[in-house]
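Look at the two complexes coming up: subunit A is in both, with subunit B in one and subunit C in the other.
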Partner chain A sequence: MQEAIVFSLNVSYGIISLALLVLGLAIIFGLLGVLNMAHGELVAIGAYTAWAVQSAGLPLLLALPVAAVAAGAIGWLMEITIIRHLYRRPFDTLLATWGISILLREAIKLCFGLEYKSVIEPVGGSITILGADYPTYRIWLMVAVVLGFVGLFLWYRRSHAGTRVRAMVANPMLASAVGIETAKLARRAFVLGAASAGLAGCLMAPLIRIDPYMGVDYLLSSFFVLVVGGLGSLQGVFIGSGVIGGAETAASTILGGTGGYVTVLVISILFLWLKPGGLYARR
Partner chain B sequence: MSEPLLKLDRISTGYGDLTVLRDIFLTVAAGEVLCITGRNGVGKTTLMRLISGVLPPQSGSIAMNGQDIAPLEPHARQHIGLSYAPQDSVTFAPLTLRENLTLHHKDHSLDRYQGLFRRFPRIEERLGQVAGTLSGGERKILAFCRVMAEGGSLLCLDEPTEGVQPENISHMAEEIRAAAEAGRGIVVVEQNLSLIEQAADRVIVIDHGEIVHQTRNGPDMRAEILEKLKV
Partner chain C sequence: MDRRNFLKTTIGALAASQIASPTWAQGKPLKLGFLIPKSGPAGIFGPSSETTTAMAIEEINASGGILGRQVEALFGDAGGAPSDTVQAAQRLWRRDGVDALIGQHDSASREAVAAMLRGQLTYVYTPVNEGGYCHTNTYSLGETPDQQLAPVIPYLAKEHGLKKWYLIGNDYVWPRGTNAAAKTYIAETGGEIVGEEYHPFTVDNFDTSLTRIRESGADAVLITLVGGASVTFNRAFASFGLDKQAIRLGTLIEENTLAGIGEANSNRMYSTAGYFDALDTPAALAFRKTYYDRFGADAPVLNTLGEGCYEGAMALRAMFEAAGSTETDAVAAAANGVSYTGPRGTTTLSEGFAASDIYLATAKGAVFEIVQRFEKVAPGNACTNG
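Moving on, here comes the complex of A and B:
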């Protein structure tokens, strides 16, 4: 019984943490059509921010706004200098952001070196759920992410600003004609996506290995989620994370790490082949 | 003499190296309804895209109330009073009708639409429905309502009657006349002669990217237009 509960919590954690990591990429890809190859490096910047803040003897909570601002600022710089000139040119944005990812990775190496870093969990110990012990920080993280997603969903569906974003995504030309400054809105969406990536890296930092190459793995997982879930909706992010995160956690438990990775790869290939729009394509 | 509401002076535009409209000169005064007609593919929609700012000019000038608006993006033109309903993709398909109508009004109020709802009750009945589920004619009416209530001084409507039933076309013509009498300038690209006869003060016929005929609304207008539309 306890093993089943721990297994269920592990699957939930796999899904929710993946959704958190994908969110920034989904915002930028889904709303702006930009395949941000530097997404993983923005996650890494968030994680390194957490390490730097903790190393300076400051509370880890302080790292959250710092990580969001640092990654958001880099996103802003990327958008105003390069990306805004390349909207509606998917191959060019892919190449440009790939170049930026290399630049960011080298900058990380220069600033922090090649060795692994680790961050201590701000909330230690474990919580007993139905007789099974589970790390407190993971539980806290899952609750915070679910609440964050609910808030973001309500903002997107109910707020005036969210409606304007949906209008821009649905019909950019008409959005501009009704007075929406689409260029400014696109910049804000890009910065929000970048800041989300930084925030995800910061929140995940105590649970992952931090090194300059960590971004590559997260980029791949994020793409798999978007392939399965579909583009342009929070529902798609959660469904994709559910399939990929759930399958990887379950397969890894039974078949080991390599088996989990192969399972995810096979699922993604099947979706690309049989259902290229994903399970929840934007309507 | 005061400046016209809209003035295009020897303006040319097109797509890339292709010039679609050449040396167009036209003016629209406040309180005037100018209808633009012509056969398919002669540049009518291109002219509307130019006026709304979707398409930049290749040469010539475009001014609104004497102000050069060539450098302004569509959203900036909307802010100075130009309201535009394009020919295609006239609504935000995933948004509800209510969201489509209130998107550009911070107060989210539908009060300004009450008169239009009396003319087009189907719109009010379906406020909670997403626009993507409407028929082509209903989408046109929705876009028409949005533009009429937007409060702009210059209204640009590209083929507003496409797919709309005759009774509603008459309602549209009445709304256009009422807006003109309230002092707004209106440019309508239209092939429906019924609406032109009911609403226009002046008509321009375009062919091969040039203005080939201009006339005022009167007893001979229909015959003149039909003569110019002959292939």
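Moving on, here comes the complex of A and C:
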């Protein structure tokens, strides 16, 4: 019984943390068609922000807005200087954002050095759920992320901003013809995606290793989710995270770490081959 | 200190020492080629390797150089794939004409470099290694599993009454070699192995391993995960409260890794190595004082891998002076039994490996504290690759 509870909590954590990390990438790719290779570095910047805030002796909660603003500001800078010239040129954006990712990584090395950083959990210890011990911070994180996703989903469905974004995505020419400022909207979407990557890094910081190369890991697993879930929808993010996160946790329970990783690779390859649009394709 | 400042001060110091030295005019400088990780994930060990190397070169030159010649350090990047390290080694050897190579990098790169050199150049390999190999004119100074574990496993088993060991490591030759040795020593204490697993470097979630460790009832976990993997594993290990169930012993948990694991997650964690920043022997304290005086309190924290580069230079001085020459054959004839004194005490070369003191340290928050010293532990190396 205890094992079953810990297992299902592990699966939930795998799915939810993956969805959190993928969100920024999915927003930018889904809304703008830009595959942001610098996504992982934006996550890293969020994590380093958490470290900087904590080592300055300030409460960790303060790191959340700081991380969102820092990553958002970098996203804004990326958009106005480089990305906006490259919309609708997928391969060029791929190369450009890859270059930016190297630049950001070197900047992180210069600012923070190569050493590992450690962020202490704001709520330590573990709580007992139906007789099974589970780390408290993970529970809080899962609750917060699920609430955040529900809010985001409602906002996107109901607000005018959501409608305008959907109009721009569906038909950019027509959208600008009816008076929607697509350039401004695209910039906001990009900044939002970058900021959410920063937030994800900040929220995950107490649970993960923090070094200048951490971004690469998160970029890879995020791609797998997008491949499976389908490119560019909130539902796709959750479905993709569910398949990848669930399969990885389940497979590594049975087959070990290497088996888990291989399973994820095989699933991704099968999807690219047999169902390139993913489970929840936009069109 | 950032890289630019470091380069400025190092170049400045090297230039000054060369101008001031009366022996400079007597002959060509003796060149030592250092292969250290400057990029990639292992790049974390680059800065401390550069500073300790600079310090070794300064000290050697201040005391008259090697064989009356001033010494110059050249660097190659060993942070990438073994093939890249081989290219860096070739450049140092063929283009720059170094008199010896000193390597501080992973075992796979060592095998590749040794295969390329084929004994034509003296090659000193400094980090902790799996032992059990030998190559002509290659000398390994770092700790072998036999040194790290033969005294430590019985000590910990007795201290904590350990019976059930769980082995977890990254999937390559060093962790597997270490665990092969560990099994013998664990069996000798009457303990049993309740789990053994190897993870690729890409794994960043150890939840299922942690569940397995809990279910196995292990009271000790031997960790041969490296760098970032070790950080991730140990953080999760403590957050699940497993530190109450089992002690942890790592054979490569050094100061940087411990900083990443963090003070909140280091309860009941041990590390075994020949050198720690916390070491309080006169030799280590003197080394430490010179280092932090020279490079400032913000200098890259001292650790066993960085310290190895300093020792590499000191070992080569002892070997070259014992041979009276830098020729590989002369060095090989003289090397066996050569002793030199470094931060981890007096170390003696023996059949291509080194006998040295071994220390067991435990984490107190985010720093180590030495628990026990084991004197002059033999490398116990029987070479198996001919």
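The rule is short, and it goes like this: the second predicted complex is superposed on the first by the 282 of 283 C-alpha atoms of A that agree within 3 Å, B and C clash if a C-alpha of one lies under 4 Å from a C-alpha of the other, contacts with A are read in each partner's own complex, and residues count from 1 in each chain.
Note that in this section a contact is a pair of C-beta atoms (placed from the backbone, for glycine too) under 8 Å apart; a residue touches a chain by one contact, two chains touch by 3 or more.
No experiment lies behind these values; they were computed from the predicted model shown.
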item	value
Partner chain(s) touched by A:G72 [first = subunit B, second = subunit C, both, neither]	neither
Subunit B versus subunit C as contact partner of A:A170, first or second or both or neither	first
Which of subunit B and subunit C A:G229 touches, first, second, both or neither	neither
Contacts of A:V178 with subunit B and subunit C, given as first, second, both or neither	first
Partner chain(s) touched by A:L110 [first = subunit B, second = subunit C, both, neither]	second
First (subunit B), second (subunit C), both or neither touched by A:T253	second
Partner chain(s) touched by A:G240 [first = subunit B, second = subunit C, both, neither]	neither
Which superposed partner A:S118 touches (first subunit B, second subunit C, both, neither)	second
Partner chain(s) touched by A:G278 [first = subunit B, second = subunit C, both, neither]	neither
Subunit A residues touched by each partner, larger count belonging to subunit B or subunit C	C
Contact set on subunit A toward subunit B in their complex	160, 163-164, 166-167, 170-171, 173-183, 282-283
Subunit A residues touching subunit C - in the complex, by the definition given at the top	3, 6-7, 10, 13-14, 110, 113-121, 124-126, 133-135, 137-138, 207-211, 213-214, 217, 220, 248-249, 252-253, 256-258, 260-261
Touch list for subunit C against partner subunit A, complex	2, 40-41, 43-44, 46-47, 171, 197-200, 202-209, 211, 215, 228, 231-232, 235-236, 239-241, 256-257, 259-265, 300-301, 366
Subunit A-touching residues of subunit B, taken from the complex the two chains share	52-54, 73-75, 78-79, 84-86, 89-95, 99, 103-104, 106, 108, 132, 146, 150
